[in-house]
Amino acid sequence: MRLLYFAWVRQMVGCSEEIVDAPREAETVGALIAWLQTRGGGYADAFADLKRVRVAVNQDHVDFGAPVRAGDEVAFFPPVTGG
Amino acid sequence: MRLLYFAWVRQMVGCSEEIVDAPREAETVGALIAWLQTRGGGYADAFADLKRVRVAVNQDHVDFGAPVRAGDEVAFFPPVTGG
Amino acid sequence: MIRVQTADFDPGAEIAALHARRRDIGAVVSFVGLVRGESHGEALTSMTLEHFPGMTERELERIEREARTRWRLDDVVVVHRVGELKPGERIVLVVTAAAHRRSAFEAAEFLMDYLKMRAPFWKRELRASGEHWVEPRDSDDDAAARWNQG
Amino acid sequence: MIRVQTADFDPGAEIAALHARRRDIGAVVSFVGLVRGESHGEALTSMTLEHFPGMTERELERIEREARTRWRLDDVVVVHRVGELKPGERIVLVVTAAAHRRSAFEAAEFLMDYLKMRAPFWKRELRASGEHWVEPRDSDDDAAARWNQG
(Lines give C-alpha, C1' and ligand atoms only; values in the text may rest on other atoms or scores of the structure.)
Protein backbone atom coordinates (compact mmCIF):
# COMPACT_ATOMS: atom_id res chain seq x y z
CA MET A 1 0.00 0.00 0.00
CA ARG A 2 1.30 3.44 -0.94
CA LEU A 3 0.73 6.22 1.56
CA LEU A 4 0.95 9.93 0.69
CA TYR A 5 1.00 12.86 3.10
CA PHE A 6 0.39 16.52 2.31
CA ALA A 7 0.73 19.91 4.01
CA TRP A 8 1.07 19.77 7.80
CA VAL A 9 0.25 16.05 7.87
CA ARG A 10 3.36 15.57 5.74
CA GLN A 11 5.40 17.83 8.00
CA MET A 12 4.29 16.00 11.15
CA VAL A 13 4.76 12.52 9.74
CA GLY A 14 8.12 13.65 8.41
CA CYS A 15 7.78 12.14 4.95
CA SER A 16 5.70 12.72 1.85
CA GLU A 17 5.37 9.17 0.57
CA GLU A 18 6.01 5.62 1.78
CA ILE A 19 5.18 2.03 0.90
CA VAL A 20 3.81 0.05 3.85
CA ASP A 21 2.63 -3.48 4.53
CA ALA A 22 -0.42 -2.70 6.59
CA PRO A 23 -1.72 -5.50 8.79
CA ARG A 24 -4.61 -7.61 7.49
CA GLU A 25 -7.04 -5.93 9.96
CA ALA A 26 -6.51 -2.51 8.35
CA GLU A 27 -9.41 -3.02 5.97
CA THR A 28 -10.83 0.49 6.22
CA VAL A 29 -9.36 3.98 6.26
CA GLY A 30 -10.25 4.22 9.95
CA ALA A 31 -8.50 0.95 10.80
CA LEU A 32 -5.47 1.97 8.74
CA ILE A 33 -5.25 5.24 10.68
CA ALA A 34 -5.55 3.32 13.99
CA TRP A 35 -2.58 1.22 12.91
CA LEU A 36 -0.57 4.29 11.85
CA GLN A 37 -1.24 5.88 15.26
CA THR A 38 0.45 2.88 16.93
CA ARG A 39 3.63 3.78 15.09
CA GLY A 40 3.95 6.73 17.52
CA GLY A 41 6.03 9.87 17.09
CA GLY A 42 5.00 11.97 14.13
CA TYR A 43 2.19 9.59 13.20
CA ALA A 44 0.54 9.92 16.62
CA ASP A 45 0.80 13.72 16.30
CA ALA A 46 -0.48 13.89 12.74
CA PHE A 47 -3.49 11.69 13.54
CA ALA A 48 -4.19 13.07 17.04
CA ASP A 49 -7.25 15.09 15.92
CA LEU A 50 -9.09 13.20 13.20
CA LYS A 51 -11.56 16.03 12.65
CA ARG A 52 -8.68 17.83 10.96
CA VAL A 53 -7.65 14.99 8.64
CA ARG A 54 -9.04 14.21 5.18
CA VAL A 55 -8.41 11.11 3.09
CA ALA A 56 -8.34 10.15 -0.58
CA VAL A 57 -8.09 6.57 -1.81
CA ASN A 58 -6.79 6.28 -5.33
CA GLN A 59 -7.35 10.03 -5.73
CA ASP A 60 -11.01 9.98 -4.67
CA HIS A 61 -12.17 11.80 -1.56
CA VAL A 62 -13.50 9.16 0.88
CA ASP A 63 -14.65 9.02 4.49
CA PHE A 64 -13.06 6.95 7.24
CA GLY A 65 -15.37 4.00 6.62
CA ALA A 66 -14.10 3.46 3.08
CA PRO A 67 -12.33 0.16 2.35
CA VAL A 68 -8.61 0.00 1.62
CA ARG A 69 -6.77 -2.84 -0.03
CA ALA A 70 -3.20 -3.82 -0.77
CA GLY A 71 -2.09 -1.87 -3.83
CA ASP A 72 -4.24 1.16 -3.01
CA GLU A 73 -2.79 4.65 -2.89
CA VAL A 74 -4.04 6.34 0.30
CA ALA A 75 -3.44 10.07 0.81
CA PHE A 76 -3.80 11.94 4.12
CA PHE A 77 -4.08 15.72 4.28
CA PRO A 78 -5.75 18.67 6.04
CA PRO A 79 -8.96 20.23 4.73
CA VAL A 80 -8.10 21.83 1.40
CA THR A 81 -7.52 25.60 1.18
CA GLY A 82 -7.06 26.38 -2.52
CA GLY A 83 -8.68 29.07 -4.59
CA MET B 1 -40.18 72.53 -22.19
CA ARG B 2 -37.61 70.43 -24.03
CA LEU B 3 -38.78 67.05 -25.30
CA LEU B 4 -36.40 64.22 -26.27
CA TYR B 5 -37.27 61.02 -28.12
CA PHE B 6 -35.19 57.88 -28.37
CA ALA B 7 -35.17 54.60 -30.31
CA TRP B 8 -38.46 53.73 -32.03
CA VAL B 9 -40.27 56.56 -30.24
CA ARG B 10 -37.86 58.92 -31.99
CA GLN B 11 -38.41 57.18 -35.32
CA MET B 12 -42.21 57.33 -35.01
CA VAL B 13 -42.31 60.94 -33.85
CA GLY B 14 -39.87 61.78 -36.63
CA CYS B 15 -37.57 63.94 -34.54
CA SER B 16 -35.11 63.50 -31.69
CA GLU B 17 -35.56 66.77 -29.85
CA GLU B 18 -37.95 69.74 -29.82
CA ILE B 19 -38.88 72.74 -27.71
CA VAL B 20 -42.62 72.99 -27.05
CA ASP B 21 -44.97 75.29 -25.24
CA ALA B 22 -47.19 72.74 -23.58
CA PRO B 23 -50.62 73.93 -22.45
CA ARG B 24 -51.04 74.86 -18.81
CA GLU B 25 -53.09 71.67 -18.15
CA ALA B 26 -50.11 69.48 -19.00
CA GLU B 27 -48.95 69.39 -15.39
CA THR B 28 -48.05 65.70 -15.28
CA VAL B 29 -46.27 63.31 -17.63
CA GLY B 30 -49.61 61.64 -18.35
CA ALA B 31 -51.30 64.95 -19.22
CA LEU B 32 -48.34 65.94 -21.38
CA ILE B 33 -48.62 62.66 -23.29
CA ALA B 34 -52.38 63.21 -23.74
CA TRP B 35 -51.63 66.58 -25.29
CA LEU B 36 -48.89 65.11 -27.54
CA GLN B 37 -51.38 62.45 -28.74
CA THR B 38 -53.67 65.22 -29.96
CA ARG B 39 -50.92 66.37 -32.33
CA GLY B 40 -51.73 63.24 -34.40
CA GLY B 41 -49.54 61.56 -37.00
CA GLY B 42 -46.31 60.23 -35.58
CA TYR B 43 -47.20 61.33 -32.05
CA ALA B 44 -50.43 59.34 -32.04
CA ASP B 45 -48.49 56.28 -33.27
CA ALA B 46 -45.62 56.65 -30.81
CA PHE B 47 -47.97 57.03 -27.86
CA ALA B 48 -50.61 54.52 -28.99
CA ASP B 49 -49.56 51.84 -26.50
CA LEU B 50 -48.40 53.49 -23.30
CA LYS B 51 -47.34 50.16 -21.78
CA ARG B 52 -44.39 50.35 -24.17
CA VAL B 53 -43.30 53.90 -23.33
CA ARG B 54 -40.97 55.02 -20.53
CA VAL B 55 -40.28 58.56 -19.38
CA ALA B 56 -37.45 60.47 -17.74
CA VAL B 57 -37.81 64.03 -16.40
CA ASN B 58 -34.53 65.89 -16.09
CA GLN B 59 -32.74 62.55 -16.56
CA ASP B 60 -34.57 60.72 -13.77
CA HIS B 61 -36.83 57.75 -14.49
CA VAL B 62 -40.37 58.72 -13.48
CA ASP B 63 -43.88 57.30 -13.83
CA PHE B 64 -46.78 58.94 -15.65
CA GLY B 65 -48.03 60.67 -12.53
CA ALA B 66 -44.85 62.68 -12.11
CA PRO B 67 -45.18 66.49 -12.37
CA VAL B 68 -43.70 68.42 -15.32
CA ARG B 69 -43.01 72.13 -15.44
CA ALA B 70 -41.90 74.71 -17.98
CA GLY B 71 -38.14 74.38 -18.35
CA ASP B 72 -38.09 70.63 -17.70
CA GLU B 73 -36.40 68.23 -20.04
CA VAL B 74 -38.78 65.32 -20.69
CA ALA B 75 -37.51 62.21 -22.51
CA PHE B 76 -39.70 59.50 -24.03
CA PHE B 77 -38.33 56.09 -24.97
CA PRO B 78 -39.03 52.34 -25.07
CA PRO B 79 -38.01 50.03 -22.22
CA VAL B 80 -34.22 50.00 -22.18
CA THR B 81 -32.29 47.09 -23.70
CA GLY B 82 -28.62 47.68 -22.95
CA GLY B 83 -26.08 45.28 -21.53
CA MET C 1 -15.58 54.27 -12.67
CA ILE C 2 -18.00 54.30 -15.58
CA ARG C 3 -17.41 54.95 -19.29
CA VAL C 4 -19.63 55.09 -22.36
CA GLN C 5 -17.67 54.89 -25.60
CA THR C 6 -17.76 53.77 -29.22
CA ALA C 7 -14.26 52.25 -29.03
CA ASP C 8 -13.62 48.67 -27.98
CA PHE C 9 -12.18 47.96 -24.52
CA ASP C 10 -9.57 45.52 -23.22
CA PRO C 11 -10.97 43.36 -20.38
CA GLY C 12 -7.53 42.11 -19.34
CA ALA C 13 -6.13 45.63 -19.08
CA GLU C 14 -9.15 46.81 -17.07
CA ILE C 15 -8.87 43.86 -14.68
CA ALA C 16 -5.13 44.36 -14.25
CA ALA C 17 -5.48 48.12 -13.72
CA LEU C 18 -7.94 47.46 -10.90
CA HIS C 19 -5.54 45.52 -8.75
CA ALA C 20 -2.18 46.86 -9.90
CA ARG C 21 -0.14 48.21 -6.98
CA ARG C 22 -2.81 47.12 -4.51
CA ARG C 23 -2.46 44.38 -1.90
CA ASP C 24 -5.89 44.48 -0.29
CA ILE C 25 -7.90 42.92 -3.14
CA GLY C 26 -8.52 39.20 -2.98
CA ALA C 27 -11.13 38.78 -5.70
CA VAL C 28 -11.82 40.36 -9.09
CA VAL C 29 -14.92 39.35 -11.03
CA SER C 30 -15.53 40.49 -14.60
CA PHE C 31 -18.45 40.22 -16.98
CA VAL C 32 -18.10 40.72 -20.73
CA GLY C 33 -21.24 40.91 -22.87
CA LEU C 34 -20.85 40.04 -26.56
CA VAL C 35 -22.92 40.45 -29.72
CA ARG C 36 -24.29 37.04 -30.69
CA GLY C 37 -24.43 36.10 -34.36
CA GLU C 38 -28.03 34.98 -34.33
CA SER C 39 -31.30 36.52 -33.19
CA HIS C 40 -34.85 35.24 -33.58
CA GLY C 41 -33.54 32.44 -35.77
CA GLU C 42 -31.91 34.83 -38.24
CA ALA C 43 -28.29 35.69 -38.85
CA LEU C 44 -27.41 39.06 -37.39
CA THR C 45 -25.57 41.49 -39.68
CA SER C 46 -24.95 44.15 -37.03
CA MET C 47 -26.33 45.69 -33.87
CA THR C 48 -26.54 49.43 -33.24
CA LEU C 49 -26.63 50.78 -29.73
CA GLU C 50 -28.35 54.11 -29.17
CA HIS C 51 -28.21 55.86 -25.80
CA PHE C 52 -29.28 58.99 -23.93
CA PRO C 53 -26.04 60.94 -23.46
CA GLY C 54 -25.83 62.41 -20.00
CA MET C 55 -28.59 60.33 -18.45
CA THR C 56 -26.72 57.13 -19.31
CA GLU C 57 -23.68 58.22 -17.33
CA ARG C 58 -25.86 59.43 -14.46
CA GLU C 59 -27.74 56.13 -14.27
CA LEU C 60 -24.55 54.09 -14.43
CA GLU C 61 -23.04 56.22 -11.66
CA ARG C 62 -26.16 55.72 -9.55
CA ILE C 63 -25.98 51.98 -10.08
CA GLU C 64 -22.30 51.94 -9.14
CA ARG C 65 -23.09 53.96 -6.00
CA GLU C 66 -25.89 51.57 -5.09
CA ALA C 67 -23.57 48.56 -5.49
CA ARG C 68 -20.92 50.21 -3.31
CA THR C 69 -23.57 50.79 -0.64
CA ARG C 70 -24.68 47.16 -0.68
CA TRP C 71 -21.26 45.51 -0.80
CA ARG C 72 -17.85 46.49 0.45
CA LEU C 73 -16.07 46.93 -2.86
CA ASP C 74 -12.51 48.01 -3.47
CA ASP C 75 -13.26 49.14 -7.00
CA VAL C 76 -15.84 49.03 -9.79
CA VAL C 77 -15.47 49.51 -13.55
CA VAL C 78 -18.37 49.68 -15.99
CA VAL C 79 -17.69 50.26 -19.70
CA HIS C 80 -20.53 50.24 -22.23
CA ARG C 81 -20.15 50.72 -25.94
CA VAL C 82 -22.51 52.56 -28.26
CA GLY C 83 -22.75 52.71 -32.05
CA GLU C 84 -22.62 49.89 -34.57
CA LEU C 85 -21.24 46.53 -33.47
CA LYS C 86 -20.68 43.29 -35.39
CA PRO C 87 -21.30 39.73 -34.16
CA GLY C 88 -18.59 38.64 -31.75
CA GLU C 89 -17.78 42.20 -30.68
CA ARG C 90 -17.72 43.24 -27.04
CA ILE C 91 -20.67 45.37 -25.83
CA VAL C 92 -20.27 45.80 -22.09
CA LEU C 93 -17.74 45.20 -19.34
CA VAL C 94 -18.32 45.12 -15.60
CA VAL C 95 -15.42 44.51 -13.21
CA THR C 96 -15.71 44.38 -9.43
CA ALA C 97 -12.90 44.05 -6.90
CA ALA C 98 -13.32 43.08 -3.26
CA ALA C 99 -11.49 41.43 -0.40
CA HIS C 100 -13.59 38.27 -0.80
CA ARG C 101 -15.20 36.55 -3.73
CA ARG C 102 -18.84 36.54 -2.63
CA SER C 103 -19.06 40.35 -2.66
CA ALA C 104 -17.30 40.61 -6.00
CA PHE C 105 -19.61 38.03 -7.63
CA GLU C 106 -22.83 39.44 -6.20
CA ALA C 107 -21.95 43.03 -7.00
CA ALA C 108 -21.04 42.19 -10.62
CA GLU C 109 -24.32 40.38 -11.14
CA PHE C 110 -26.25 43.21 -9.46
CA LEU C 111 -24.55 45.82 -11.67
CA MET C 112 -25.49 43.89 -14.83
CA ASP C 113 -29.07 43.31 -13.67
CA TYR C 114 -29.59 46.99 -12.84
CA LEU C 115 -27.78 48.23 -15.92
CA LYS C 116 -30.13 46.13 -18.06
CA MET C 117 -33.16 47.50 -16.25
CA ARG C 118 -32.25 51.18 -15.82
CA ALA C 119 -29.45 52.43 -18.09
CA PRO C 120 -30.90 54.17 -21.16
CA PHE C 121 -29.46 52.10 -24.01
CA TRP C 122 -31.48 50.69 -26.91
CA LYS C 123 -30.38 47.97 -29.30
CA ARG C 124 -31.41 47.87 -32.94
CA GLU C 125 -30.60 44.72 -34.87
CA LEU C 126 -29.98 44.50 -38.59
CA ARG C 127 -31.04 41.04 -39.74
CA ALA C 128 -31.95 39.47 -43.07
CA SER C 129 -35.58 40.51 -42.55
CA GLY C 130 -34.63 44.13 -41.86
CA GLU C 131 -34.12 46.39 -38.86
CA HIS C 132 -35.66 45.45 -35.53
CA TRP C 133 -35.56 47.18 -32.15
CA VAL C 134 -34.72 44.63 -29.48
CA GLU C 135 -37.63 43.96 -27.12
CA PRO C 136 -36.81 43.77 -23.42
CA ARG C 137 -36.99 40.33 -21.88
CA ASP C 138 -39.28 39.96 -18.87
CA SER C 139 -36.52 37.93 -17.26
CA ASP C 140 -34.41 41.11 -17.08
CA ASP C 141 -36.96 42.84 -14.84
CA ASP C 142 -37.24 39.68 -12.76
CA ALA C 143 -33.47 39.57 -12.45
CA ALA C 144 -33.31 43.09 -11.08
CA ALA C 145 -36.32 42.57 -8.81
CA ARG C 146 -34.70 39.70 -6.93
CA TRP C 147 -32.20 42.13 -5.33
CA ASN C 148 -35.08 43.72 -3.44
CA GLN C 149 -36.24 40.52 -1.80
CA GLY C 150 -35.36 39.11 1.58
CA MET D 1 -10.11 23.19 -19.82
CA ILE D 2 -8.13 23.00 -16.60
CA ARG D 3 -4.47 23.79 -15.89
CA VAL D 4 -2.26 23.66 -12.80
CA GLN D 5 0.96 25.62 -13.21
CA THR D 6 3.64 27.62 -11.41
CA ALA D 7 3.65 30.32 -14.09
CA ASP D 8 1.39 33.35 -14.00
CA PHE D 9 -1.57 33.53 -16.38
CA ASP D 10 -3.13 36.33 -18.45
CA PRO D 11 -6.85 36.77 -17.66
CA GLY D 12 -7.45 38.97 -20.71
CA ALA D 13 -5.85 36.47 -23.07
CA GLU D 14 -7.85 33.60 -21.55
CA ILE D 15 -11.11 35.53 -21.84
CA ALA D 16 -10.36 36.55 -25.44
CA ALA D 17 -9.33 33.03 -26.43
CA LEU D 18 -12.65 31.71 -25.16
CA HIS D 19 -14.79 33.76 -27.52
CA ALA D 20 -12.39 34.38 -30.42
CA ARG D 21 -13.88 33.23 -33.71
CA ARG D 22 -17.16 32.31 -32.02
CA ARG D 23 -20.50 34.03 -32.52
CA ASP D 24 -22.69 32.00 -30.17
CA ILE D 25 -21.34 33.32 -26.86
CA GLY D 26 -23.20 36.23 -25.28
CA ALA D 27 -21.62 36.29 -21.82
CA VAL D 28 -18.17 35.65 -20.38
CA VAL D 29 -17.64 35.78 -16.63
CA SER D 30 -14.20 35.61 -15.06
CA PHE D 31 -12.95 35.31 -11.52
CA VAL D 32 -9.37 36.14 -10.52
CA GLY D 33 -8.16 35.29 -7.00
CA LEU D 34 -5.22 37.30 -5.67
CA VAL D 35 -2.79 37.01 -2.77
CA ARG D 36 -3.68 39.65 -0.17
CA GLY D 37 -0.91 41.47 1.63
CA GLU D 38 -2.29 40.93 5.11
CA SER D 39 -3.45 37.89 7.06
CA HIS D 40 -4.53 37.61 10.70
CA GLY D 41 -3.47 41.21 11.22
CA GLU D 42 0.09 40.58 10.04
CA ALA D 43 1.87 41.56 6.86
CA LEU D 44 2.23 38.60 4.52
CA THR D 45 5.70 37.96 3.11
CA SER D 46 4.66 35.16 0.75
CA MET D 47 2.21 32.33 0.27
CA THR D 48 3.18 28.84 -0.89
CA LEU D 49 0.65 26.60 -2.57
CA GLU D 50 1.17 22.85 -2.26
CA HIS D 51 -1.01 20.42 -4.19
CA PHE D 52 -1.59 16.73 -4.89
CA PRO D 53 -0.39 16.27 -8.48
CA GLY D 54 -2.74 14.07 -10.42
CA MET D 55 -5.63 14.24 -8.00
CA THR D 56 -5.79 18.03 -8.36
CA GLU D 57 -6.31 17.78 -12.10
CA ARG D 58 -8.84 14.96 -11.63
CA GLU D 59 -10.86 16.95 -9.10
CA LEU D 60 -10.80 20.09 -11.24
CA GLU D 61 -11.95 18.07 -14.24
CA ARG D 62 -14.77 16.57 -12.18
CA ILE D 63 -15.84 20.01 -11.03
CA GLU D 64 -15.79 21.31 -14.60
CA ARG D 65 -17.88 18.31 -15.72
CA GLU D 66 -20.36 18.91 -12.92
CA ALA D 67 -20.71 22.59 -13.91
CA ARG D 68 -21.28 21.64 -17.55
CA THR D 69 -24.01 19.24 -16.42
CA ARG D 70 -25.78 21.89 -14.38
CA TRP D 71 -25.52 24.79 -16.83
CA ARG D 72 -25.38 25.03 -20.58
CA LEU D 73 -21.88 26.38 -21.01
CA ASP D 74 -20.02 27.12 -24.20
CA ASP D 75 -16.64 26.88 -22.53
CA VAL D 76 -14.88 26.72 -19.17
CA VAL D 77 -11.30 27.57 -18.19
CA VAL D 78 -9.80 26.94 -14.75
CA VAL D 79 -6.15 27.82 -14.10
CA HIS D 80 -4.64 27.39 -10.63
CA ARG D 81 -1.09 28.26 -9.69
CA VAL D 82 1.14 26.36 -7.26
CA GLY D 83 4.46 27.26 -5.64
CA GLU D 84 5.49 30.48 -3.95
CA LEU D 85 3.46 33.63 -4.58
CA LYS D 86 3.90 37.19 -3.36
CA PRO D 87 1.17 39.64 -2.24
CA GLY D 88 -0.75 40.99 -5.23
CA GLU D 89 0.03 37.96 -7.41
CA ARG D 90 -2.70 36.01 -9.17
CA ILE D 91 -3.58 32.60 -7.69
CA VAL D 92 -6.56 31.27 -9.60
CA LEU D 93 -8.60 32.04 -12.69
CA VAL D 94 -12.05 30.76 -13.60
CA VAL D 95 -13.69 31.79 -16.87
CA THR D 96 -17.12 30.66 -18.05
CA ALA D 97 -18.78 31.37 -21.37
CA ALA D 98 -22.48 30.94 -22.12
CA ALA D 99 -25.23 32.29 -24.33
CA HIS D 100 -26.72 34.25 -21.40
CA ARG D 101 -25.26 35.92 -18.35
CA ARG D 102 -27.12 34.06 -15.60
CA SER D 103 -25.54 30.70 -16.52
CA ALA D 104 -22.08 32.20 -16.85
CA PHE D 105 -22.30 33.93 -13.43
CA GLU D 106 -23.74 30.95 -11.60
CA ALA D 107 -21.32 28.46 -13.10
CA ALA D 108 -18.28 30.63 -12.27
CA GLU D 109 -19.39 30.95 -8.66
CA PHE D 110 -20.13 27.24 -8.46
CA LEU D 111 -16.70 26.37 -9.86
CA MET D 112 -14.97 28.55 -7.26
CA ASP D 113 -17.09 27.21 -4.40
CA TYR D 114 -16.38 23.59 -5.36
CA LEU D 115 -12.74 24.19 -6.11
CA LYS D 116 -12.33 25.63 -2.61
CA MET D 117 -14.06 22.63 -1.06
CA ARG D 118 -12.67 19.75 -3.12
CA ALA D 119 -9.49 20.54 -5.07
CA PRO D 120 -6.42 19.35 -3.12
CA PHE D 121 -4.47 22.58 -2.68
CA TRP D 122 -3.01 23.79 0.61
CA LYS D 123 -1.82 27.30 1.38
CA ARG D 124 1.08 28.04 3.71
CA GLU D 125 1.64 31.65 4.69
CA LEU D 126 4.95 33.20 5.64
CA ARG D 127 4.24 36.06 8.03
CA ALA D 128 6.27 38.02 10.58
CA SER D 129 5.36 35.45 13.23
CA GLY D 130 6.53 32.54 11.08
CA GLU D 131 4.98 29.91 8.81
CA HIS D 132 1.29 29.09 9.15
CA TRP D 133 -0.90 26.66 7.24
CA VAL D 134 -4.12 28.38 6.24
CA GLU D 135 -7.16 27.05 8.08
CA PRO D 136 -10.27 26.43 5.99
CA ARG D 137 -13.13 28.85 6.55
CA ASP D 138 -16.46 27.28 7.50
CA SER D 139 -18.06 29.73 5.07
CA ASP D 140 -16.36 27.83 2.23
CA ASP D 141 -18.20 24.61 3.08
CA ASP D 142 -21.42 26.58 3.45
CA ALA D 143 -20.82 28.19 0.08
CA ALA D 144 -20.48 24.83 -1.64
CA ALA D 145 -23.42 23.32 0.27
CA ARG D 146 -25.90 25.89 -1.04
CA TRP D 147 -25.65 24.39 -4.54
CA ASN D 148 -27.33 21.25 -3.23
CA GLN D 149 -30.40 23.02 -1.89
CA GLY D 150 -33.76 23.64 -3.56
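Structural remarks
Labels A, B, C and D are assigned to the chains in the order they are written; within every chain, residues are numbered from 1.
Here is the rule we use: contacts are C-beta pairs under 8 Å (C-beta built on N, C-alpha and C of every residue); 3 or more make two chains touch, one makes a residue touch a chain.
Keep in mind that this is a model prediction, so the values were computed, not measured.
Between subunit A and subunit C, the least number of touch steps comes to 2. Taking each chain's centre as the mean of its C-alpha atoms, the one that lies farthest from the centre of subunit D is B.
Inter-chain spacing, taken between the CA centroids of subunit B and subunit D, is 48 Å. We define each chain's centre as the mean of its Cα atoms; on that basis subunit A and subunit B are separated by 73 Å.
Chain centres here are Cα means. That of subunit A falls 26 Å from that of subunit D.
Multi-chain contact residues of subunit A (touching two or more other chains) are listed as 83.
Residues of subunit D found to touch two or more other chains are 33, 101, 112. Under the contact rule stated at the top, the pairs of chains that touch are A-D, B-C, C-D.
Residues 33, 49-52, 54-55, 58-59, 80, 91-92, 112, 115-124, 133-136, 140 of subunit C are the ones that touch subunit B when the two sit in their complex. Listing the residues of subunit C that touch subunit D in their complex gives 10-13, 15-16, 19, 21-34, 36-38, 87-88, 99, 101-102, 104-105, 108-109, 112, 143. For subunit B in complex with subunit C, the residues that touch the partner chain are 4, 6-8, 56, 59, 61, 75, 77-83.
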